[in-house]
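The letters A, B, C, D and E name the chains in turn, as written, and every chain counts its residues from 1.
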Amino acid sequence: MKNLTLLLRTVAAWGVTLVLVFPLIWLVLTAFKTEQQAIAIPPQLFFEPTLHSFAEVNERSDYLHFAINSVITSVVSTVLGLAIAAPAAYSMAFFRTRRTRDILMWMLSTKMMPAVGALVPVYVMAQTAGLLDSLLALIVVFTLSNLPIMVWMLYSGFKDIPGDILEAARMDGAGIWGEFKHVIRPLAMGSLASTGLLCLVMSWNEAFWSLNLSSSKAGTLATLIASYSSPEGLFWAKLSAASLMAIAPIVVVGWFSQKQLVQGLTFGAVK
Amino acid sequence: ATELVIATVNNGHMIEMQKLTPQFEKAYPDIKLKWVTLEEGMLRSRVTTDIATKGGQFDVMTIGMYETPIWAKKGWLKELTPTAGYDVDDLLPAMRNGLSVDGKLYAAPFYGESSMLMYRKDLTDKAGVTFPERPTWEQVRDAAAKIHNPPNVYGICLRGKPGWGDNMAFLSTMANSFGAQWFDMSWKPQLETKPWKDAVTFYVDLLKKYGPPGSSANSFNEILALYNEGKCGMWVDATIAASFITDPKQSKVADKVAFAQGPYAVTEKGANWLWAWALAIPAGTKNADAAQKFIAWATSKDYINLVAKEKGWAAVPTGTRKSTYANPEFMKAAVFAAAEKKAIDSANPNDSTLPKSPYVGVQFAAIPEFQAIGIAVGQQMSAAVAGKTSVDQALKTSQAAADREMRKGGYYK
Amino acid sequence: MNRLLPRALMAPAVATLFLWMIVPLLMTLYFSAVRYNLMQPGDKTFIGLENFHYFVTDPDFGASVVNTLLLLGSVIAITVVLGVALALLVNEPFPGRGIVRVLLISPFFVMPTANALLWKHMMMNPVYGVLAQVALFFGLQPVDWLTEHPLLSIILMVAWQWLPFACLIFITSLQSLDRDQMEAAGMDGANALQKFWYLTLPHLARPIAVVVMIEMIFLMSVFAEIFTTTGGGPGNESTNVAFLIFKQALMNFDVGVASAGALFAVLLANIAAVFLIRLIGKNLD
Amino acid sequence: MSFLQLKGVEKYFGELRAIKGVNLSIEKGEFIVFVGPSGCGKSTLLRMIAGLTEIDAGSLQLDGRDITKLPSSKRDLAMVFQSYALYPHMSVFDNMSFALRLANVDKAVIQEKVTRAAQILNLTNYLQRTPKELSGGQRQRVAIGRAIVRAPKVFLFDEPLSNLDAALRGQTRVEIAQLHRELGATTIYVTHDQVEAMTLADRVVVLRDGQIEQVGSPLELYDRPANQFVAQFIGTPQMNVLPASQLPQLAGTPQLPVPAGGFVGLRPEDVQLQPAGQGQLQGTVALVEALGAETLIHVALGAGTANGAKLIARQSARTTLHPGSAVGLSIDPMAAHVFDDQGRLARPAQGGAALASAAV
Amino acid sequence: MSFLQLKGVEKYFGELRAIKGVNLSIEKGEFIVFVGPSGCGKSTLLRMIAGLTEIDAGSLQLDGRDITKLPSSKRDLAMVFQSYALYPHMSVFDNMSFALRLANVDKAVIQEKVTRAAQILNLTNYLQRTPKELSGGQRQRVAIGRAIVRAPKVFLFDEPLSNLDAALRGQTRVEIAQLHRELGATTIYVTHDQVEAMTLADRVVVLRDGQIEQVGSPLELYDRPANQFVAQFIGTPQMNVLPASQLPQLAGTPQLPVPAGGFVGLRPEDVQLQPAGQGQLQGTVALVEALGAETLIHVALGAGTANGAKLIARQSARTTLHPGSAVGLSIDPMAAHVFDDQGRLARPAQGGAALASAAV
């Protein structure tokens, strides 16, 4: 009985998972095929892998250039976002007022305007500031568009820290900075980490602004994909290779931080 | 060194140009090229946003025959001032005219195209069909019926993906040959007239009966993939496709293709379109000199020779220069060359409809409002192909949409 | 100092967000009241509410609102229901649970464009796509997903991407479910289903609220997937408000109408948000 | 046969033999208290009876029926968890009626039963609140209420009062005693609180290390502990137990024969303070704890006894003694318990303060 | 002037006046215990002294210096929280040394101080563990250790033992008493535990509703409670307090003059059981609680007294009485406390069991 349940659970979980990740597996397989193999009918599961498509993608656009931009923009905007969001969340969590909730909701509501609607204004702003096609512009935009969610997540995380620990630190002679440095930061590491990660993922995957505010210098991996987004003859393998190259770094980061993410994504649910 | 930022579409010829960057940089050591390669729709929106807001992100832009006159008139583009060696007069007149305003050249054609019928000789032979130089649509339909053998091969592949540069490019030319026009002389949209109805009905029937599945999402590149796999019996599309489907490296049917002029129904006028992807310099650039040099290089005879040397004559960008077609090597390597030249020569943007029209353009009307109209109509046509709406309803909605835009544009009250 | 400090800490976030909101909003307001087409700028004449009129009388407008809500509703429903089911499935130990979890969340890290391309070309293509091949294998007629069920296809793609996120949050939450409560319910005579219904589900109320809120924020403005796959069609069957605005702004280049649309979207989002906050708000802070 | 019968019940957690063959018969209506040090297996045993933890060996019979393998939802027992385990999103009413609703009991009947339970527990005014709007004591009562509406065969309580503050604890304890008298239900109650064990139990089961050390009525355990462990575990302050060798003045006298290596146990109330020089033992006061009604005097035994031996004396009267005062102790040898070298009881106390014939 | 001085201290929470003008002087080295019912403001007062809660009115002076507005980090007080509030991410050593590290104390000095504190508290073997690897009692000791390494001017304890189980609580209580003797530091200690208050305090402060009811040594409060509230609050089981009208046999006699509408208070140990028919009062036994060393007998007063009056008697000896037995009660009028109609003490007990001259 017990064993049967376990067996069923194992089979079900693995079955569902494989179905769900199949598209990704297929993407990976296709990336290592030749174009002819990629559209072969019936589809080939076993074949001699080739790196040809990767070479082709790299020849056409300097992968490293885009990748570096992606890393810079997402990492810097994450760090910057944390730096701005953490104090705000701290203030909201530990100096709660009647306004706190309204401010939070207002922040979240700023994310509701569709990005396209703000394109021209933002484009004009960026141009006025001379920031078109600069990493700085992307960083600022990423940071700002992730900020509401970050504040919310951190706020929830901070709220889980018992207030008396902070008071204990105060009694021990810690000022506000000491409190943050020695107590809050280490205790909120989980939520800081998961917030940062989520932000990293969102920045990495952001396509609209990176596409529209950058041209040659500041393009991120999301823009790299854009040049493969309509077919050019046989292009399945190339598309797969390019997609794989664009998503692989962040997926790997995601895998390794899965535990961290699971622990931190509480949104205050741990009571 | 000067850095030139070039925005371009991800078409085969452009990608080839990108790969030749080192050659250019060797010739002009103080100029570095930076490429922004985008899908056509994205490119258009990027480039338009940038030039309209004077963003100045690009030094060279890839634009089409549609934008060139509009933008040039607004003064958004720098005039091209090629040196004598460039041989402006070698450009095909149709192209040069389409890219000039008041006799001044504002964009240099990188490759040009018209449309024509590309069919599988092996299949038509088997079916006992022969095409005249310019077949009628009736003939094409009969042939499609005979060849159709799904899922191995579909009778005919035509564009269905919505977009003024996608399905509407094709459908406009087809409608032209049925005697239709976009606007009459008082700028009233004509979409509910009989020629449009005939043309669209014919088109939808044809695709439903003999087209591949998913036609309503197919455009040039999608069909190219199908064709190269041998899935299409016939295809009416850009002449530039010819160089790909006859390339054995890409195509499984490279040696089995034959060409005819774009089919017609009522009139031959406007039965094949005219388009060029051209390189232009936005007025706001700081690197105009370098940009001039680059454009001169990329659209020169030498460039064509360079590609020929690197990739063979069959792979050169065509449809731009007389000299290309005068080259025997090219004519020998490119089986489609004659048909292509003829198609281009026969297209006349200034007189492409049976009734007199107030607009310029074969498969488009060179007014700013046309994009919105083309998109709205294209959407309806695509829905009709997908069987989501009837042809009558689609045209009715299209007419209303077009009317709305024209009113908004202030053409009439 | 007690009053000042909290405000000072909040200031950077509030100020930057305020600027980030107010400047575009004001400009959008201005654009929405003038005639402004990127293809012919310069003559920005004041035209009052005409842009709004054009936006709401757009033949695709009604459909786009319906589609937006359908997309929102279906994706949220799918991700919440399946997310809870999956989270429950992998919450108990079984061989390979660690790997399963890691694999399960992978789609969340895939960028939307890549996601759309992957589905469009490799899964749903009616000729070469895996789904078509599978159908053929079973002797069925391949389905032309993007043409025949465009909105459903979009929903599938988006749900595929967001399911892991929901799942992740539910897994987190299940870890804090009190074991004693489950045992108490067992002693009270509850079977597995009743335990789920009376205990697990109420425990998940808060994370569900969080998922709904976050997904709503992001799904309101889905358009990359639509743009890359169906282009809003056929007809307007997969056009949502965000895509309609996108079309106005970047395909028709009519910034005026697009701005009116954006304002409308803000309105729509806020109505939805108010409604939502009523419904689940107390679960949110 | 008795109502609830445990026969050779065992539990392994991996290598750890947490319950080592427990035999116990419980009669219908009895109030049984499990006591024992932390980790001795009280909760485990209770959970095995409840069906929450599997029984690895042995059998469990309830009312003549073998329920060793029955799932807990079918056992018809009710348990009050130490953590209360209230359903946080349900109102008090819903919490209490949950089991009945699951059993599809008629609405009117539910209403009636819950109302009555609420009356008994003084919860009538809180029925619509959710648990987090209640004080600790109220929550506790809801947890009990949830159990009693079901009128189960057996009540199980796992340290139900340990989360309460002292005042509330005393009050709730009295309530539980009263409830038991009223409902007469068989009850098993885990606690580590002396007073609870002494006042509530019909019989106390002392556990240690997965085994039963002694079973008996509270006063039996107090007066005749089976061994040193039980002796020291029952009673606060705990029994003074000293090696006989440390009490040469007492041990070995004819009234107090002690086996070799044995121990002498003295309840604090059996240690009488005398002026210095009087009594069998001499010492100095180490600490005086005046509790009002009674006074505890910690005395360090002086010369003549081994170093560091300490005795606690308890008396009702106040004292003027201070830490440091020299003092004598007199002890009635008959009041002393004698344990052998294994700690087993060799001779229980024969008299002493507690056993002194009652005034009435 | 005294060491720590509260003058007219007040606290408002919105509308609620939580502390209503408290005046209190505490001498250097004193051990002060705050007791009072839940919600009376004990914690609030402590937190105001600690600087964690702002003082709305009045002043606070420490060692001659006004610290009313000083942030808590500058006050040089140490607090032991009810919840311990240990830093979960730091080792025991780091927890204990945190304050010193913040104050940039020399490493060697820190090492030494922590080592010594750990020795005193028996924590030497646990210095490298984190709090979650410790048992409740050990955590408690870490919390205390964190306070004592600093040698602050004043120690503040907020119900530090309430989370511990009974055994540990007793043990830790003794440790705290010992610590205070050794360190001699001024200490303010909040508790609701009788035994803690009685055994630890030099002086007990009884609070009620934000105000001080009485301040005095434990036995002073026990023997001469200022009013009925204090009388019933101090001592378990609590003092029997009955309206004089319910005790016509006693009240109003010359030995026990009671003001009109007054009350009579009797400690349980001053109620002597007699065979039925004897003594001033008659009743029936309602409940017998045998605790081993002592026995509590709840008696419902019978005819001649108003309905339902109950008295608890406490005796050291066992009893053979059962619920339902008829019984007589004899009471020494001199042992009774008398309260006026406002509940104020009119006459304290003049004698009685507790005050009987000690044996020694």
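Basically, a residue touches a chain if its C-beta (ideal position, glycine included) is under 8 Å from a C-beta of that chain, and two chains touch if they have at least 3 such contacts.
Predicted model only: the values in this text are computed from it and were never measured.
Visitor: Counting one step per pair of touching chains, how far is chain D from chain A at the shortest?
Guide: When the steps are counted carefully, the minimum from chain A to chain D is 2.
Visitor: Using the touch definition from the top, how many steps at minimum link chain C to chain E?
Guide: 2
Visitor: Which chains, taken as a pair, are joined by the highest number of C-beta contacts?
Guide: Top-ranked chain pair by contacting C-beta pairs: A-C.
Visitor: Report the chain whose CA-based centre is farthest from the CA-based centre of chain E.
Guide: B
Visitor: Measuring centre to centre with CA averages, how many angstrom lie between chain A and chain B?
Guide: Chain centroid spacing, chain A to chain B, equals 39 Å.
Visitor: How many angstrom lie between the CA centroids of chain B and chain C, rounded to a whole number?
Guide: 36
Visitor: If you average the Cα atoms of chain B and of chain D to get two centres, how far apart are those centres in Å?
Guide: About 93 Å, centre to centre.
Visitor: Roughly how far is chain A from chain E, centre to centre by C-alpha average, rounded to an integer in Å?
Guide: A distance of 56 Å separates the two centres.
Visitor: Out of chain C, which residues touch more than one other chain, so two or more?
Guide: In chain C, the residues touching two or more other chains are 38, 250.
Visitor: By the touch rule stated above, which residues of chain D touch at least two different other chains?
Guide: Residues of chain D never touch two or more of the other chains.
Visitor: Please list all residues of chain A that touch 2 or more other chains.
Guide: Residue numbers touching two or more other chains: 39, 119-120, 124, 226, 228-229, 231.
Visitor: Please list each pair of chains that are touching.
Guide: Between chains, contact exists in these pairs: A-B, A-C, A-E, B-C, C-D, D-E.
Visitor: In their shared complex, at which residues does chain A touch chain C?
Guide: Touch residues, chain A against chain C: 6, 9-10, 12-14, 16-18, 20-24, 26-27, 30, 39, 41-43, 84-85, 87-88, 90-92, 94-95, 97, 100-101, 103-105, 107-122, 124-125, 144-145, 147-149, 151, 155-156, 176, 201, 204-205, 207-208, 221-222, 225-226, 228-229, 231, 236, 239-240, 243, 246-247, 250-251, 253-255, 258, 261-271.
Visitor: Which residues of chain E touch chain D once you look at their complex with the stated criterion?
Guide: So the residues of chain E in touch with chain D come to 37-38, 162, 165-167, 170, 174, 177, 192-195, 198-199, 218-219, 222, 234-237, 267-269, 272-275, 287, 289-294, 314-321, 327, 353-360.
Visitor: Please name which positions on chain C make contact with chain A in the complex.
Guide: Result: residues 5-7, 9-10, 12-14, 16-17, 20-21, 23-25, 27-28, 31, 38, 86, 89-90, 92, 94-97, 100-114, 117-119, 121-123, 128, 130, 133, 137, 160, 163, 168-169, 171-173, 175-176, 206-207, 210, 213-214, 217, 220-221, 223-224, 228, 241-242, 245-246, 249-250, 255, 258-259, 261-263, 265-266, 269-270, 273, 277, 285 of chain C touch chain A.
Visitor: Hey, which residues of chain C end up touching chain B in the complex?
Guide: Per the stated touch rule, the residues are 37-41, 54, 57, 59-60, 125-127, 142, 144, 146-148, 227, 229-237, 247, 250-254.
Visitor: Give the list of chain B residues in touch with chain C in this complex.
Guide: 41, 45, 48-49, 52-53, 70, 74, 151, 161-163, 212-217, 226, 231, 368, 371-372, 375-376, 379-380, 382-383, 385-386, 388-389, 394, 397, 400-401, 404, 408
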